[in-house]
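Take a look at these structures.
In what comes next, chain A is part of two complexes: it sits with chain B in the first one and with chain C in the second one.
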Partner chain A sequence: MPKVTIDGEEYAFEGQPGLLQFCLDHGIELPHFCYHSSMSVPANCRQCLVDVGAPVRDRKTGEFQLEENGEKVIRYFPKLQTSCSHVISDGQVVHTARTSEKVERAQRDTMEFLLINHPLDCPICDQAGHCPLQIQAYKYGPEGSRFEFRKVHKPKKVKLGPNVVLDAERCINCTRCVRFTDEISRSGQLTIIERGVKNYPITPPGVSFDEPYSMNVIDLCPVGALTSADFRFQARIWEMASTPSITTTNAKGSNCFLWVRDNLVMRITPRPNPDVNEFWIPDEDRLTYRWFNENRPCGPAALSKSGACSWDEAIQETAEILRNTGKETLFLASARATVEDNWMLMQLAEAVGGQVAGYIPHIEQGHGDGWLRTDDRTPNSQGCERLGLRPVDMELWGARLGAGEVKGLYVLEDDPVAAGLCSAQALENVQVILHYYNTTNQTLPSANVALPAATVAETIGTYVNEAGRAQRVVPAKVIKGVNRTLMMQMGLSRADQHGTPFDRWHNESHYVDCKPSWEIIPLIARNLDVEIAAQSPKKIMQHISASIPAFAGATYKAMGLSGVTLPPIEIEVAG
Partner chain B sequence: MADFIRNPVVALPDSNPEAHFSEEELVFTPEEKAKIAEYVTQYPTPDGAVMWVLWLAQEKFGFLPPEVMRLVATELSLPYAQVYGVATFYTQYYKEKKGTYVLDVCTCFSCQFCGGYDTLAYLEEKLGIMRGHTTPCGRFTLREAECLGACGSAPMMQVSNGPYAYNLTPEKIDALVDAMEAGQPLPFISVTLPQDEDEMGGNRRTDAEAVERYAVPPVAKRTQ
Partner chain C sequence: MTKAGDWQSYKRVLLPPVKDLHHLDVYRAGGGYEALRAVLSDWKPDEVTEEVKRSGLRGRGGAGFPTGLKWSFMPPVKPNVPRYLCCNADESEPGTFKDRQLMEYNPHLMFEGILIAGYAMSLKACYLYVRGEFANWITLLQDELSKLYDAKLAGSNILGTGFSMDIIMHKGAGAYICGEETSLMESLEGKRAYPRIKPPFPAQSGIWGYPTTINNVETLACAPLIISRGGDWFAGVGANKHPGPVLYGISGHVNRPGVYEYPTGMLITDLLDIAGGIRGNKKLKALVPGGASVPVLRADMIDGVTMDVESLHEAGSMMGTAGMLFLDEDTDMVAFLRRVARFYHHESCGQCTPCREGTGWMENLITRIDDGEGNLRDLDLLLDLCDQMEGRTVCALADAAAWPVRNTIKRFRGDFERRCRPSAWAVNA
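And now, the complex of A and B:
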């Protein structure tokens, strides 16, 4: 197998790897800005310079030339090479800044040039704290600047589009954003204009940077030149805790991080997963962060208690309703809820003697683009299908509800009124039990018992995306009340988890009074005198993966953080 | 300092400019289209021809407002942004309406030493405009240019992307401006560099008579 020597250590390689990617894969740090593994290599930041040489062969004999001490003679390239564009070949010798003073000096001087016109506004810059330029300037840069002249001033706070703001002065012209629009999203909306010190990326006149994936350039930008119009100046990076999660606006289940400060989701950024979303998420996924913070319920409510009540009262009331309506209860599962929640609902329906009718489909024709957006606007319809649930016949059940044939309606984390299943008037004589996320839920005014449910940011559970990939989520936010299972899954370093009312960063009013449905349903069952064992989602999933073939292998351990692909199943297409 | 922020050295392009040409005007004739097709065949990918086509458009329309760049982009099936990036990279493409004569005075290294800024200041005073501006009569635009590659004949300037005027002195500039105002041919002779200095007896400018005028690029007649 061919070998390459990097900083005196030998590495075997296969094929024709790029030197920079090879180093990054093997944990050898090389400073770089313009290189991104998913895009073409322009080699224009000049930061990843290394010294590359190859052993010399004797032209006549073909043997390696040897030094007097028996070591091979190495002939180096006359100039330093950009490691991003250099393809490794057998026997090459590479020196990084760790073993070559020349490389160290070159990288320091390149950095000095990059910093000449870069404003020193790190204290107010959104990128500070996770800024490749800042980090690498500390590690590889000069101690000071010799540039004592007026810097070139360029346009600041330019709104490129609805979601992206440009600060041209901070730009180091790595062209990552331009290459993203050219090669990845293919909107071709950005370009570098002007030349020399005056250049910066922008849209051409009359064009707004409004493509559905525009905000990915914010993460790509290695400096603070491109920032989010929404998140700008909202939080410093070190004040937030990031929790791996998945997005729930569509059936793709793109992997993301939820960034939480003081128990509020501040922003959502993509989490690389080569099997699902690579490095990207659409803008609509990012902009749903408000949904976790705003219009959240403050505890359960019951009509018979004329409004807010305790959890015990709400659950007793639910049990009472179920006892009365019994078999005539329409149970609706939800493609927005986790597999565990839906499974628990099926157990409850069985215990009452009824059956889950199915889930409400949320298909928006034409929304999908064949990439990271799908027509299906729910995260877990595939999970419901694998549990044996089907989309409900909207017309049939709408008519039955309108005709008063249904006595009770049990809705798991969905909104039948907004989805068009039935009107609010049709529910006047129906006993409605509703698990809901936001107070904007249009079924809420008709509900007899309203049970606030934990969102994807607060619960533990499994979602199955359209390609049959099971992915689990862990809580990013704390909820009111104690749930040991949830607490155990929280990151231990979380400042707000351990906060007390005396800490300045801690605000208890941001705790939402809700419960995950897998916790609520066993409580209801206990009041109905039927036994549904309260289990942690992990145990539930263990049970499901062992008993349902469509979930074979979907244990929490196997899913890890990047999910596991489930065996394919045949799905009847809705409608 | 605050002034720099309000008036950045590098300006933001007008994001919503008014169109200078109507829809009917924004078309390439069949002959021009044939020419463009010929340019495209010279490169492995169509985007290689973007500079030729931009030049063709500039000769046709006089300058390159956004709608003309859009036309070029459509013609070559390129992203409009890419065409815009190319056009802004080169100062030789005029992004706004210029005077009949565009005077590009070189103020780069060699010309600066030999009086490039003096030349520029003299022209500013003579024409009564600042660099980067056009005279109210619309005859002259005065610009400061980066190196135009004629360091041997500094200080120099280029007229409307065409002829070079070498070894400028106030008298030469006066004669030049007078001729341009009168609409006459320029009274100086562009000098080509001799291929072999020894043949010229060491004198670079003995072949001055050989060339009357510079033809404006692009002139290369390309026949397949």
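And now, the complex of A and C:
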């Protein structure tokens, strides 16, 4: 197998790997800005320079030429090479800044150049704290500056599109954003204008940077030049905790981080997962962050108690209603709820003798783009299908509800009125029990008992995306009266990439008084004198994966943070 | 006898003294396009390349790479894989203005050279990338090119030989960097003219990703001469290792600036005499022998130095484009360097960090010295910046910006020091 020597250590390699990626894959740090593994290599930042050489062979004999001390004679390239664009070949010798003063100097020199016209406004920059320029300047840059002139001034606060704001002075012209729109999203909405030290990226005249994936350039930007119009100046990196999660606006289940400060989700960024979303998420997924913070319920309510009540009262009331409606209760599962929640609902329905009619499909024709957006606007319809649930027959059940044939309606984390299953009037004589996320839920005024449910940011559970990949989420923020099991998961959930003492879980502000549905349902069952073992979601999933073939292998351990692909199943097309 | 041989009786061949030579009929009357006819009917493509190799022709665009060798880098012809020739007429180096003369007075020599080169490399299309500011020359070239098509000397089935080749003119949009060959290709493709990383070289992946050879106007204009008079004739003109006729673009403080055609290997002092000596009977102070980017030579460094690769290398400079800039004894070298630095700052494309940031910083420092605000330590910082830029970028613009700064300061350090305030501390203290 061919070998390459890097800083005196030998590594075997296969194929024709790029030197920079090879080093990063082997834990050898090389400073770089313009290089990104998913895009073309422009080699324009010149930060990743290394010294590359190869042993010299004697032309006649083909043997390696040897020094007097027996070591091979190495002939180095006359110039330092950019490791990003250099393809390794057998026998080459590479020196990074660790073993070559020449390389160390070159990297320091480039960093000095990068910084002379950079505003150095780190104290107010969103990127500070996880800024590649900042980090690498400390590590590889010079001390102080020899630049004694006015910096070049360029446009600041340029609104490129609805979601992205540019500060051209911070830009180091790595062209990552331009290459993203050229090569990844293919919108071609960004380009570099001007020349030399004045150049910066911007949209062509008359074009707004409004493509559905525009905000990915914010994460790509190695400095604070591209910022989110929403998140700009809202929070410092070290004040937030980032928790791995998935997005729930569609059936793709893109992996993301939820950034939380004081129990408020401040922003959502992509989490790399080569099997699902690579490095990207659509803008719509990021902009849902508000949905976790705003219009959230403050505890359960029951009509019989004329509004707000305690959890105990709400659960007793629910049990009372179910006892009365019994078999004439229509249970609606939810493609927005986790697999565990839906399974629990099925257990409750069985105990009461009612039936789970299925889940409400949320299909928006034409929304999908074959990439990270799908027509299905729910995260878990595939999970429901695998539990044996089908999209509910909207016409049939709408008619039955309208005709008063249904006495009780138990809705799990959905909104039948908004979805068009029935009108609010049709529910006037129906006993409605509703698990809901936000007070904007249009079925809420018709509910007899309203049970606030935990969202994806607060619960533990499993979602199955359209490709059959089961992915687990962990809580990113605390809810009131948190369950002990949940608490343990939280302890494990902290990614702490940038963790500091400023953000801790004991911060009591902005607690939402809600409970995960998998926790609510067993409480109701107990009041009906039915025992559904109040298991932890982990145990529920263990049970499901062992008993339902469509979930074979979907244990929490197997899913980890990047999910596991389930065996394929025959599936009816929703709608 | 100098390397240039008997240059006093030299007869011009690139720009012969023929009235209205730029007209197709005048050019043909003088035996024009006969070399092309001969090549198309009697030569094999490889033989043409071999003849050019034998002639020892080196590129006239500045780098001086052997032309025949460059042509032979083209990969074997593959069916359905287009390949291109590109004629680089984006002449914009300060102090260089010889291609312009060729395009004005003898454009058909260039066209004929293009067609011969196209035949030698078995390709069917040549892009002629002309600097946009040459608006008048573009009109002229377009007129002559359409005459060429009418006379069946370009397009399909040239001279009834079955060889077809198109010449497509492309107008630059005002960037010096587009003269860099890979950047020129990007520009031609309609993209932002950022130079490409080499390898792959143009012969492997050039315009639209296909094999491409890029040659300078004057280089291609030499091809018909080599065919009609023979490679050996060409190799016998001027300096051994850098033979042929060459256009010297002489400018600066001389009595008769202009473009002069002579063999390579001319003594610099002879060329100064030809240009009428320094004006106002002043003394020579400095010479930039090949366009603004090559290292400047002091007057005391040019004795016995001839205009060819070897001799200029020994003297500590380069042949470049043979655009010679003579500076007289009253020249302010700081102001001179300030102007040069300003040019490279203005023309840096901004792709690579060292060039983008370094060229501006250099101009700032030199401006400060020129304004009398500079410190002695600024000179060391300037030399440091040269080290930080040279050889660390995708293309050679950073080198071209650093060489004049480094060498002007080194060779005229006194001029700079006199303009500086003494430093309180050293730059690398």
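Assume the second predicted complex is superposed on the first by the 555 of 575 C-alpha atoms of A that agree within 3 Å, B and C clash if a C-alpha of one lies under 4 Å from a C-alpha of the other, contacts with A are read in each partner's own complex, and residues count from 1 in each chain.
One rule holds for everything that comes next: a contact is a pair of C-beta atoms (placed from the backbone, for glycine too) under 8 Å apart; a residue touches a chain by one contact, two chains touch by 3 or more.
Because the structure is predicted, anything quoted here is derived from the model rather than measured.
Chemist: Would chain B and chain C fit next to each other on chain A once aligned, or clash?
Modeler: The answer is clash.
Chemist: Per the contact definition in the header, classify A:V152: touching chain B only (first), chain C only (second), both, or neither.
Modeler: After superposition on chain A, A:V152 lies in contact with both partners, chain B and chain C.
Chemist: Looking at the overlay, what does A:H95 touch: chain B (first), chain C (second), both, or neither?
Modeler: It touches nothing on chain B or chain C.
Chemist: Classify the contacts of A:H435 with the two partner chains as first (chain B alone), second (chain C alone), both, or neither.
Modeler: Neither partner.
Chemist: Looking at the overlay, does A:T203 come into contact with chain B only (first), chain C only (second), both, or neither?
Modeler: First partner only, chain B.
Chemist: Which holds for A:S85: it touches chain B only (first), chain C only (second), both, or neither?
Modeler: Only chain C; A:S85 stays clear of chain B.
Chemist: Chain A residues in contact: does chain B have more, or chain C?
Modeler: Touching more of chain A: C.
Chemist: Which of the two partners, first being chain B and second being chain C, lies in contact with A:I192: first, second, both, or neither?
Modeler: A:I192 contacts both chain B and chain C.
Chemist: Counting clashing C-alpha atoms after the superposition, which of 9-17, 135-143, 171-179 or 189-197 on chain B is the one that bumps into chain C?
Modeler: The stretch that clashes with chain C is 189-197.
Chemist: Which chain A residues come up in both lists, the one for chain B and the one for chain C?
Modeler: On chain A, the residues that contact chain B in one structure and chain C in the other are 152, 191-192, 194-195, 198.
Chemist: Taking the touch rule as given, give the residues of chain C at its contact with chain A in the complex, in rising order.
Modeler: Spelled out, the residues of chain C in touch with chain A are 175, 192, 194, 197, 345-354, 356-361, 364, 368, 381, 387-388, 391-394, 427.
Chemist: If you look only at chain A, which of its residues touch chain C in the complex?
Modeler: 41-47, 49, 78-80, 82, 85, 106, 109-110, 112-114, 116-117, 146-147, 149, 152, 172-173, 191-192, 194-199
Chemist: Taking the complex as given, what residues does chain A use to touch chain B?
Modeler: Touch residues, chain A against chain B: 150, 152-156, 158, 168, 178, 181-182, 188-195, 198, 200, 202-207.
Chemist: Residues of chain B touching chain A in their complex?
Modeler: Touch residues, chain B against chain A: 4-5, 8-17, 66, 69, 79-85, 88-89.
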